[in-house]
Every structure is written in structure tokens, then in C-alpha cells.
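In what follows, structures are represented as C-alpha cells.
Paired with subunit B in one complex and with subunit C in the other, subunit A is shared by the two complexes that follow.
Take a look at the complex of A and B:
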């Protein structure tokens, strides 16, 4: 733990904007870098000028603009993903001071209060690193494919409004529907382990895609996908293919892999009730298994 | 390219709607996007989407009134047939999104709930919590994923559109794009190319838009010969949260749900806002615009907030301009249910709970009404001919534009919650057109054209990578451009600022050529991609400034005080009447002169060549926009008399016309 008093004094000076130390105050950052997919990783230190209300994205922007490491060497700017800067697109997930979270909503003041002097940035560990803090999260979307996370409408012709839905049902569905596929939950989940498939020289793009998909499917589908399956199984039209979703959820990589560690729900930036979805899926899986037994 | 195929650039609402419909109609789609489509900027839209609905109908609303509000709000600068088609489709679009599973808020009976948005008197806006754009986008993303599994759609995520490929006749035959991971170039031959690449807020440095909203794709099409319409019309949203990396939007829905804007009557009153008594609060929008109150159209709200801070010195803080947006009188439970998402944003990024403390907000660049010029074919009933090859087509045959990146629907000012509608509508509506384009495919071999374009792009890329010793920093230059544009081309515009700013931007464009890239690698090189996008901002910045400089009038978001038409001063009835007559004459003369779309085409070295086109106002004749103007009643009276007289005549109303 870091001396709280120090942080308080500094924050104060920053807000007033007239503290003497303010002009020279800096933020120190340690970034775990990797130049190419499959390459070696290494630590690099950076230092940027502090500004009030700064978040991790603005720190990275400053690093990109200066393109120098702390010891003044010219280095290539750190690569990272971001888009909306308001925690709604799910792009900017990384490990910040060891915790999986969104860079855009991670305020420097709070990180310093939490962890003191230096901010540590690492790429997510459950996905292959593309470069520096950029990871390849295709598998997350693969999970959505697997559980058929959509409403199976006939088409987009005008067939009138959708089903009537009570406010209670809407209030139940809406939080699940705000899942932005950021991947925080799977990063924290002990059952979701990294799958990295590298394309072979003798393989076509299509062959590679197929092999990769199979590898993804063998692994745990992830809490985000379980939750989406429950979202669509509760929708009056979505429910019409509920069986197909249960089939997917009870196959290899399905709900049975969840160890109920509940790490996922603790890190979801959108506070999605993942454990509720998982419990529902577990119950539904039991019912499904019995039903299948009788259908035979 | 064996089967018919369409290349869609951009997977926001517009691009996804088009892709979904095309796949459904059996056309193969290649969908290219800078970011995974689910992360497109459309997720940021908070407030809602407009359409006439069962409830408003019973209050006297109909599609025609939605059309009227849209063109009146847009100061009549948009062609009316496409708007009519859009507002006619409104109810169908919402029904469709409802069927796709969008969790719209519900009434106690289970129907969709609606709220009121700016620029209208009806509750036309359907919404899903405070993340309507995200919810709409996800519904379309899910449908597209479904088609992807079926093999009809191929996504190319983390790819950058670099240029359309045109044949000798000027027809667009596909495009060249770059993989942002491997940095490799690739040709995409297609029967048609659709740009759905959204807005260009990053030209202003910080805005309410996402980091991918550089406008690069549109600029590249423009530099290849596509026209750009109404560039000078940039919407500045009245209420955003000032921030160092982004100006985060505080949706109009905060006011739609009863939020009130005020400043302390005592400049920089040091008291806690909650302890300032009613008598010491100045609810300036409510006082100045009793009819619309806090929900006056955006351009007016923005100017009033700007005015109260800069001219009247009533900003809440001295060095950080802001006014209060107050929700504290609304029950917490209501706020959580209807505005939860946006209030969380404020709480998360400002560390203050807006349910307890009034928010501090200030205007920010938000939307580009202008965009690629597109065509349409008018139907006998005043709407559009579905499936016409001309709908949404740029001046380059085979190249189409939809969504925020076209100029077509919002005129001089967009009404809140109308953009999500125009994006989804234009995406759905362009699909049958594209099917028809595919039906008339041109069969000749285009491989040489593509090879040449790939070579050109490789050359440009190599040249950028070799600039390691330049003395300009692209990030610093971007900031400089943003500051300049924000200063001269937002809320208040003056020719003595615009003219020198144009020269400054020309100089910046030259300096860009000396930008050094700090990353010379050939793997996920974000540095060079940004530098490229920055280079492509200058041609658009120039056309915005040139268009604004030349347009000597006030219209919608384009406000030049030197050409404003002041309200009436006389109080004696006859004199007032005379003044109103003169006012109407002046208005009619101005309409004759300036009710025209600005068309920019890209000249040598990226300088715009500006021309003007008449606007189709055949459905609703232009009338003065009088929100809150002194003497507005008298003017309206005169105007109505003239309009009545002109009925049957083909001439525009007004003495001079």
C-alpha cells in the first residue's frame, strides 16, 4: 500500500492548478511490450506530464506523441486499441495494475491513489498478442456465433412491431444487452484459457480459419456468451431457437466448464449480472439434459 | 469476382443495415471496418430514434409533420423528397428494430415508450435506456453475424479504406484497402462500393465523436473526384462534458426528461449550486423560448449557452466555461430507469453524482450535416423511387454513400434522434438499388486498374515511412488543426477569422509533408495510419472553411452575426407591420440567394472548387425560422398572408420573388 497522504496533497495541487510542484508532476508508466505476434515481450518505462482528470488513454496518447522512453531513447510508440473513449465500445481492455479493465475509464488519479507511483500496463493474457497492448479477440465473437446470439427473424420486410414486452422483462433484458464484448470477464475467468493458433505455411486462409474455429470451440465459450444465450432465450422470438442454444451450451466448451468462481461478475465494467445468467443456464442445462433423455 | 458482390466500407448503423438487407437479398457483401463493427461509433448514441407512432398520431402527428419538423429544423437546406421517404419509413424502421430484439423501454402495457426530443412538440423518440445507439447497433450486428455464419458476409475488421478504384469512364469498380495488422494492401473488386464511414469530428481535435471519426475514407473518395455537399454545416451539441481527451456528450434526453439549464444570476456565484435559491437562478432557455423551453433546436441552445458564457460573462466558472444542467429535481428512480447510462458516464468521468449535484456542461462539435453529395430519383408522390440506381449514389457511378457520411437528410441542422433514423433508413433503402446495380454488371477485366492503385498506395506508404527526420510531429499538428477549427468554424463565424484560417490550414497541409513518423515498422503501425488520416483531414478542413467563408448568411448551424437578421424594434402597430414586411422581403431575397447546397469538388493540391445547387423544396415552401425572435408573431402574420396569396403560383413567396 502506498502512502495516502502523498497522493492527497498532489491531487489537491492539481485541481487548484497553482501548486508549485504541479508543473513538474509526472506520471510514470511501465508497459509490457511485444513487437510482433509470437515475439518476445519486454518492459519499457515511460514518463508523461500529469494533467488533472487524465485517464490511461490520455497517458498512451502522450506516449505516442513523444515516442521516447523514460531514458530518452527514441522508441516506436506503444500500440493499443481504443475507439469511443466513454466505455461503451469495449475496445480498450487491458491489464492495468494487474486488474483487467477499460483504459478509457481508468482515471490516473484513482490509479495513483490505489497503487501509488507507477502505472503498470499489460496486454490481456487470454488472447494472442498482436502488438504491445493490442490483442486478437476474435474468439469472443466466435462465442456469440456458437450460441446463436441473435433473434431469428424471417427478414427485414415490414411485418409490424415486435412482441409486446413488459417493463419487467425489458428491465431484465436490458442490462444483459449492454455487453460490449470487452472480454474483461473471460480475462478473469480461470476456466477460459488462452488459445493461440498460428497459421502454417502450407495452409490456405480458409483452412486456417477452420482449424482456428475448431480450437476456439473446444475451449470454454465464456461467461459473456452464456449470458447472451440467456438474453435471447428469454426473448419471445429469440426463444424459438432456445434448443439450439442449449445444445451449444451443453456441448464441449459449454456451461459445464464453469467452476462458479464468480471472478467474471466482479470485473465486468458494465456490472452485468453474469452469475445470474450462469445460474439460469445451469438450470436450463439440467432441464435440457432430462428432456433429451426422454426424447430419445 | 464470380458472384455479384458489394463492398461496404464501415459497419456502423448504416453499413450494417445495408449489409443485413443485401445478404438477405442474396448479394455477397465484403464488409470493411477500421474497428470490429460492433465497436463502431454508433454505439455512442444515447438518446433515441425518431418516428411517428400510435401515440403521437392521436395527438395530431403524422409523417408529414415529421418531414416538416425535419426540414424546418434543417432551415430548408435539404432536398425534400429523400426526407419524405425517410419520415414515411420511420414507423417501419422502428418496428423492424423492435422485431430484431432491441430492448426499447416499455410502457406498463408493454408497448414501446417514447420521449420528446428537441425541435418538435411530439413524443416521437423511442429509446433503449440511455444507450439506444448501442442497442440498435447490436441488433444489426447480430443479424450480420448470422449472415456471416451462412457465408453471405465476409468481414474485414481492422482494415483501412484507402481509395476507390475508378475505370476510364469514371465508374467505381472497387477499392484498395490496407490490413492494419500486417500492413498489407489488397484489392477489392466489387459491383458497387458503399461508403458508410460516419462523421469527421476529429478534424476539430476533440469532439463528442469516437477516435475513428477522422473522415479519412470520405476525404479519400473526395480526393478521387466525389463531390462533398454542405461541408460548412457542423453541428455543435449544446451539452457536453469538457474533458482533455474527449468531450463526452450529455444527451439531449437529459433535457427531454425534464433537465433544466441555468446559470447563477450573480456571475461565478461561489455558493454550492444546490443552495442557490430559485430567485438567483437564471433559466435562460426557458425565459427566452417559452414555447420550447430547454428543448429548443440544438443550434439555438448552443448559441445561447455560448452567448451566456462569453458575452454575458455568466459562466459557472471563470476559466472553464460551463453552465448547469440540472436533474436534481427529478426522482432518482426515474433518473436511473430512463437515463442510467448517461448519468453513469458523468459520474465515472467526473467523479460527481449528477443525481445530487447539477452537471457542468458546455457545447462541443458533434455531427457533420455535410458529407458526400448523393443523388436520388423523385417519385410521383414526392418521395423516392425504390431501387433506382441513382438513390444514394455519389457523382461517381458505382460509388454510394449512406449514413452520417452523406449530406442528404439534415440540411443546415440535424434534429436530435433523426440521425439514427437516417442511418438505418439509408442503409435499408440503398440495398435494392445495389441489387439492381449488381444486375447490370460490367464484365471487363479490371486487374490492371487495381494493380496500379495498389502500387500507388504502396508508394505513398513507403514515402511516409521514409520520413523519419521531418521536424513536424503529427499529433501536435493535429492538435493545432483542431484548435484552429474549433476557434473559427463552430458556433460563431466571422469572415475576418475564416479567411486567415483558410491560409493557416493550407500552411499546415504543407507542414504535414514534413511530418516524421516515429514507427517505421511494418506490423500494426498505428503511427503511420494516423499520419495518413491526418493528411486526409486537410482537404475537408479546407472545404469547411471555404464554404463557411463564402456563405454570407445565417442558416441553421452556420451563424454569422454580421449577416444575422435582427428582430423587430418598432412597437407601434403600423410601424411594426412595415418592419415585418421589410423583414419578410429581406428574408425572401436571402432565400433566393442562399437557399442552395454548397458543392465542393477537389481541385489540385486539395483546394476546393465551390459551386451551388438549387434545393428541391417542392413539398414544403421555405418559411422563416422564428424560434424566439423578437417580433416573430408579426413576421409570421405577414408571412402567412403572403403564403396564402402565393398558393397556386409557382413562384417562391416574397416580394422580390
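Take a look at the complex of A and C:
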């Protein structure tokens, strides 16, 4: 580590240095890149000047600015997704040192203290790669669609104010409402396995969409969708379509696919009690299945 | 398409000499359509009857530890075999078939998952991975166990267990050290699989939902697991330390007793249990 820093000092001195007092340290990054969807992936090393309080996004910004790999080759800037930079939008999820997390809230100082000097960046492994660190998370949102994770208020006339929600119910629901669809839970879930559907030449866009949706629906819906279903089934207006959500949760790829590894709750950046939601969904599914059996 | 053909007045098959093959999706299989029901039955079968049988089986075997040359154990075995011709259908309906169902669905579940304990070494994830590993070990062990001791294994050179000479035949079968080691691994895997499965079953069915309730249920599952592990390993050690000749003596006596009861008119008071010479 010291040796590496010294060489950097020499290199900086040879180029006149930066004169910002932090040029003594660099951040080494290993990125798993992929130029096109469905293409080959390859590793590429980058090195950027260290600054205090950097996060992974600022490292990627520096890589984009230099657009040079560690060995000095000119390369296309690494592509990634981000938006809010304060861990509420959920768009910058990636595998940082092998673990799923938000790039914006992954601080370089902490990563280096925990895992050593080099930072490894990989795209999420459960979704098809679009390019570099950008993935297509359509299936994640498909899961929310499947369980109808919304309050049905659409209509042509004023429905008036909704029912009141007690402070206890609010307190119970609030943590679930902080879900930002980042996909960390499904990335860490051993039961949520990658589904990548490639469009065939002889297929129309609509046919492809249909086939892809069917493939998505066959796989596990995911902890995030289970939790959202429980959130909206607890809501006094959302409850109006509770049966439709239970129908969805007990279809193929539903709640029964959970293997109780409980990784979801361990990696959730918002500390959402996902396993509590899953257990509640299990209970609701038990009651719903018995009701369905005897009420038909 | 028929509308287009009518308005243009052309023959559709002539207009399209090589029609695009219709992309038809395979309709979901039986397993896929009834996935929820099948997985819930799978979960239930793990507890009742398969898990319940495991508990009875291990506790029955642990009676070898009574230290009476297998007399208590023999009487328990006799009790089970007093079912006579009903034993075979009961075994198939409540043990073998539910176990095969549980195993078959279990293998499908294992095939559909992708363990990632290397990236996420959390306790829950380790338990998830062990649950699958122990399930496969338990399945292999139980298959071997049945062939080795149950009469079904006779055509395969097994079936060493004789219910009329319970302790002595079990003791003889378990003598080789390798067999004992494999049994210890098999029993511990099976017990882990059951007790960990007990905890996850409660989450699956929604019995314990809050983190605090899950912790309490976990403590109970651990105790159940430790008791069953002690019973299983105790039975294994107990069987291996049985004095085979003394056990045979006791079994011969017990067999005479059984004959005496079945002979009509022989209303003789049962002879007192001979005290084994020390």
C-alpha cells in the first residue's frame, strides 16, 4: 500500500503534481465492463486521485472525466445509472466489492478500510446488462405490477376523502413505504434468479414483450413486491383489491418461492422489515387459500 | 388476417408463401399451475407426517439406552409390529410416499435456487444453504438406511433388521466404524434439516411474523434440534454398545412370551423376566 502510494507520488511529481495535498493517494478501481447488451464482459482497471469523503459515484465521475484506463489507454467512459445521490431514488445499485449496494451511499474511505485499497465494481447480476454498470430492471417493476402495488383511486368523479389511518397503522406502514425499488433485496436473494429473454428475429415487439412478461412471471416475484403488496393490503383504500394481490402472490412465482434465506432484510439500504412482510404475506396466503377452498 | 384478405381480395396463403411460424408459448405445467399448493403441501409434509415420524423413530431408538439388553427397545418394536398386515400400507401412506413427495419437490426447489453464501455470508443465508445440503444428504442417507435395514432392502442384499431380534440385529448392522460415522453424519443432517425446517415452516405459514417472534421460535427450534440430535446419536451409540449375545437371550425369552400368549388355552402366567447375569 505504501509502495503503491510512493510510486504515485513519483508519477505525480514527474507530471508536476496536483498541488492539492491529496495527490499522495489514489483509488484503484476494477470495473466489469460490457459494451453492448448480450455482449462479452471484460475487466478494466482504473486509477483516480483520492479525495476525502468520496463516494463510488464521484469515483465514476472521475473515471468518466479522464476516460483512460490504468495503463493509459483511451477508453469509453464507464456507463452507470444514478439520479438523486442521496439514497432515495434507488437507481445506482451495483455490486461493490461483491456486495449489492447503492453507489451514492458507498463511501470510499469505508470501502478501503473494510476491503482494502482496490474497489471492485460489477453490474447487478440478476438483471440483463444494458451497458457496463447499467442494467435493465424491468422485471423489478414487473413484480410491482403483478401484485398491483398501488392504491386504486382512478375514477371519473370525486371519491371524497379516504378513510382515516391510525397512528399505529401509519407507524407500521411507513418503513414499507420507504422502498425505492433499488433491487438490492432481489440481487441478494438466492431464490430470485436471472431471467434474460432475448428477442428473436421472427418476433414482433408485442410478441417479445408477451414472452418476456411470461418468463418474468414464472420466476420469483421478489421480496420488494411481497412487501409492497403487504403495504397496500394494509391501506384502507388499497385493501379494496386485497384479494387480487393475494391471487397474484399465490400464483406461480409467488410468496411460496421464498426460501427464507433472509438476505433481503440484511442488505436493504432502507432497513425495511422485509422478512416481517414475507411472514405476513405467508399468513395472509394461508388464510386466503383456506377461504378460497371453502368459499367457492 | 381474414379481414385483410377479404378487403384486398387476395388469397392469404398465396400472398404469404412462407408464413412466419406462430410463436406459441408452452402452457404452464401442472407443477407450475399449482405451485403454491404443491409447495405448501411440501412444507406440511416435512412436519406431518415425515417430521413427526422422525421424532417418534429417534425417540423409539433412544430407548436402547434403557440398559436392559434391548428389552424396552424390543417391546417398542413389538408395539409397532402389532399392527400386523396394516404396517405395510401405513408405512407407504404415512412415511414412504410423503417422504418421496417431499424429496421430489425439494430437489425442484434446490434446482431453482442459486446459493450465494460466498457473497452474503449471513447466518440466515448459511442456514438456507445448509438446509439444502442437509436435505440432499438426508435423502441419500435415508435411502441407504432403508436398504440396509428395512426388509424392502432384502433384494439388494440389505434388510438386516429383524423386528423379532431388534437390538441384536441393529447392533450387528451398526458395528463397522465407517457405518457408524456415516450414520452420525446422516442423523445430524436429518435432524438439522428438520429443526431448521420447523423454523422456516413457521415463517412460510405465517405463524411467527415479527423479528422477536422469529427469535423465540428459533430458540425453540434449536432446543428441538439439540434434543433430537442427542436422541439420535445416543441411539446410535447405544445400539453399538449392545452386548449382542445378551440381547439375543433377551429376545429369545421375549419371543417365547409372545408364543405363550398366542397358544389358546395356555393361560400360564408369564414367566418373570430373567435377571441378566452380570
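Side notes on the structure shown:
Here is the rule we use: the second predicted complex is superposed on the first by the 270 of 296 C-alpha atoms of A that agree within 3 Å, B and C clash if a C-alpha of one lies under 4 Å from a C-alpha of the other, contacts with A are read in each partner's own complex, and residues count from 1 in each chain.
In this text, a contact is a pair of C-beta atoms (placed from the backbone, for glycine too) under 8 Å apart; a residue touches a chain by one contact, two chains touch by 3 or more.
Worth saying up front: this structure is predicted, and the values here are computed from it rather than measured.
In the superposition on chain A, A:202 contacts subunit C only, with no contact to subunit B. Legend: residue contacts after superposition of the two complexes on their common chain; A:275 is shown touching subunit C, with no touch to subunit B. In the superposed model, A:295 lies in contact with neither subunit B nor subunit C. Applying the stated contact rule after C-alpha superposition, one finds that A:166 touches subunit B and leaves subunit C untouched. Residues 20-21, 23, 25, 28, 32-33, 35-37, 39-40, 109, 112-116, 119-120, 122, 124-125, 127-129, 131, 200, 203-211, 214 of subunit C are the ones touching subunit A in the complex.
Taken in their complex, subunit B has these residues touching subunit A: 20-21, 24, 35-36, 38-41, 43-44, 92, 94-96, 98-101, 103-112, 128-129, 131, 134-135, 138-139, 142-143, 145-146, 148-149, 181, 210-212, 243-246, 248, 337, 341, 345, 348-351, 428, 473, 475-476, 518-521, 523-524, 526-527. Subunit A meets subunit C in the complex at residues 98-99, 188, 190-191, 193, 200, 202-203, 207, 210-211, 214, 218, 250-263, 266-267, 273, 275-276, 278-287, 289. By the touch rule above, subunit A contacts subunit B in their complex via residues 35-37, 51, 53-55, 57-58, 61, 64-65, 67, 74-77, 79, 81-91, 104-105, 107, 130-132, 134, 137, 141, 144-145, 148-153, 155-156, 158-162, 164-167, 169-171, 173-174, 177-178, 180-181, 232, 235, 237-238.
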